[in-house]
Amino acid sequence: MLEVTSISKTFDGFKAVNNANLAVGKGEIVAVIGPNGAGKTTLFNLITGILKPDSGKVLFNNEDITGLSPHEVCRKRISRSFQIVNVFQRLTVFENVQISVLSREKKTWNLFTPSASLAIKETDEILESVGLLKKKNRTTALLSHGDRKVLEIAMALGGNPEFLILDEPTAGMAAEETSRCIDLIKKLSQTMGLTILFCEHDMEIVFGIANRIMVMVRGGTVIQGSCEEVRCNEAVQDAYLGGSDVCLMSGGLKHITA
Amino acid sequence: MSRKTLFWLGAGIIVLLLLPVFLPRFYVYLVSIILLYGLLATSLNLVLGYGGIFQFHHAVFYGVGAYGTTLMLTKTGLPPMLAFIVGPLVSAAFGLVLGIICIRLSKLYFGMLQISLGSLVWAIVYRWYSFTGGDDGIHGIPIPEMLSSPKSAYYFTLIITLVCLFVMWKIIQSPFGSALQGIRDNPVRSEMIGINVRMHQLLALVLAGFFAGVAGSLFVVVDNTVFPDMLFWTFSLEILIMCLLGGWFTFLGPMLGAAVIVALRTFVSTYTDYWALVLGIIMMLVIFFLPNGILGYVEEKFKRGFIEPEIEEQ
Amino acid sequence: MDAVYSIIPAGVLSQVFVGLSRTTILFIVASGLSLILGVLRIPNVAHGSLYMIGAFTAFTVTKLFGGGSAGFWMALIIAPLVVAFIGLIAERGMFQFLYEREHLMLLLLTFAFSLIFGDLVKLVLGGEYKSVPVPHIFQGFVPLFGDLPFPLYNLFLLIAGPVVAILLWLLTNKTKMGKIARAAAVDREIVGAVGINVSRVFAIVFVIGCFLAGLGGVLVAPTVSVTLGMDHNLIIEAFLIVIIGGLGNIWGALLGALIFGLTQSLGILIWPQFGIIFPYLAVVVVLLFRPTGLLKSTW
């Protein structure tokens, strides 16, 4: 569904992304992992149009979407959540998601109908599916961090996407919030049929839900493969553990830091 | 909108309608000025408070609208009512042009470029004696008879201002308004949910320019004059002050700010020549103690005690 | 020289050089604003008022010393210091608490200051035109362009400009304080995290910026009538110069001032009625192609 080939981006001489490759099949859940600064968020920015690549291509459903601006990418039904919480601070939870829905329905050029009367059902449905319906009238400033991250996802869902990119969805969440988030991601994949690309630092989550994993180090793709392949790959061990012989067993090392 | 708010609004409008019956001419003139300044400040707030755009030189649109109307009235033989439409359209066009030029820049640079373009316009108006009257401006502008008395000018201003405020209110409540506020809060996020940020901001600038132009035309009706200082950057800063003083995340804040500033200025000027000093001190107090303006402060106070109407969680 | 005059008439050259000497004033004031805007990120609308205070102080000091040349030289030292002191009080008293706030708030605060300063000057010194005499040494003319007399004082200004530029460049690039200031302009948090007292650095930069505004005011005083309203005219020009030059960039301020001053002189020569439009036009053209300024900006 999504094919990223040899994509690169340099900032002032620093190669943030260096010939990275990524392939995501329809219906899959793919994780991108790598040490801090490996370029994962930059990669996501390149895919979603926030940054323009210096070279390389992004194909979505066989259509070339390289270099499209973010709102055009969104129209292709690719949605995204951000690593640092990026919501509309002065608006309520409901309004945050509602804008997303209104945007999808191309209603944002409507100057005269009160928004309060539009898209209520669709917005409520999304809020229900992520578990935020009860808090719909709260301003985002009053939400817990975990709830805000879930709101991020809800806003991404507003665009009725086929493809969802989640940038560290559980970062900063408490344990209970984390497991709820994981259940949500599983539900999105299984019940709603979304294809999901995400990145995480928590290896347990990664190995728990991903079908395939892509490992990024210093801007480039080291390997993309199944969980087993990645676990026992020497290059990955080199990058993470500095050349140890340990084969990462599940339940073993939970968090990898570079 | 709640019943209570509607009641107060209705009462306020009735008071405004009855004012000329009770007040002497000068005060009627003053309220007219307050109304149109309020309209002007609200139009600025449309892009500033609700859109997050650093519109540093809003006075340009006001002045262009005023000059546009004036030139139509004085230089052409066309029907006067046409002049009142052309003025705002010209300023809306200005909004579009300036918008297209400046919109690709981020925040402060947008403001700076707008200031330079605005200064260019001011310089041209200031020097083009034969066309715009230069630094003298144009006086004694012929206004159609039915609008020329202070009372009729007042009612005209009142009606137009109310209509424009209503329209702007509708716009803010609409999906476009929501999108605009989203852009204010987080332009990256907005792009990512499919909103073409630039286009939306451009439309907001055109609308703000239009309503500012309406305010300019109203000034021509009320004061029968037009002069280059209407386009000078210091006036832009005064409009900003009105928004800040009244509260720029609220809808009626700018109108309140305009009322306070005009009233204070008139009052203070009868006692002293040093209105600028007084205004400067007031501004400092507002910046330090009332950063959200008067209405912003009031809103905060009221919302503090509120318990959520929805179901509270454990 | 005659060969040059056959291509460019002496009158034009003379006008150009007069324009350039005005450029010195613009540069000095703009460089102060550039420092304040570039390092502290304060759009200092009061900069024009500080310039005006410098000019009025020059008048007062000159009068105090009998109205002669000695007065001017004393004013040259005292006035900028007075203005710098005012800046220090404003920064320590108010600005330092507001750095976290949005630019708009800072802008409006400086505007409040400019209103207050303007009226205070009116209060203390009255609204009539004041004049400051040109110091003895620089009275008179120099036959610079064939027979056309060129005012000696303007020659002094022409030389003073680059001198100040070099001094400023040394200050910002070769001193430790300058380097810290430049680093703090780009990222104040990191500089603070390294243990440097960013607050003090900011105060010093602000004071220097104000000093420069005052200096500009003193230097311009003998060439124009010192009036209320000189602040308004200058501040827009200073802002535009800073923007086209690049925020925080001293050479940018010089370049910007040159562009502004030259286009103004040439403009008035070519098209007297609309001559003043040319600098604004030049600014618009520059910003269309290089919105962040011609030279590197600290933002």
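Letters A, B and C mark the chains in the order given here, with residues in each chain numbered from 1 onward.
FYI, a contact is a pair of C-beta atoms (placed from the backbone, for glycine too) under 8 Å apart; a residue touches a chain by one contact, two chains touch by 3 or more.
Since the structure is predicted, the reported quantities are computational estimates derived from the model, not experimental observations.
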item	value
Middle chain, criterion being Cα centroid separation	B
Chain at maximum distance from subunit B, centres defined as averaged CA atoms	A
Centroid distance [mean C-alpha coordinates] between subunit B and subunit A, Å	42
Whole-Å separation of chain centres (CA-atom averages), subunit A against subunit C	51
Between subunit B and subunit C, centroid-to-centroid distance (C-alpha), Å	33
Subunit A-touching residues of subunit B, taken from the complex the two chains share	170-171, 173-179, 181-182, 184-186, 188-197, 200, 203, 249, 308-311, 313
Touching residues (chain side subunit B, partner subunit C) in the complex	54, 56, 101, 104-105, 107-109, 112-113, 115-117, 119-120, 123-124, 126-129, 232-234, 237, 240-241, 244, 273-277, 279-281, 283-284, 287-288, 291
Contacting residues of subunit C [partner subunit B, same complex]	43, 45, 94, 98, 101, 103-105, 107-109, 111-116, 118-120, 122-123, 232, 236, 239-240, 243, 273-274, 276-277, 280-281, 283-284, 287-288, 291-292, 299
Subunit B-touching residues of subunit A, taken from the complex the two chains share	48-50, 69-71, 74-75, 79-80, 82, 86-91, 95-96, 98-100, 102-104, 107-116, 118, 134-138, 155-156, 158-159
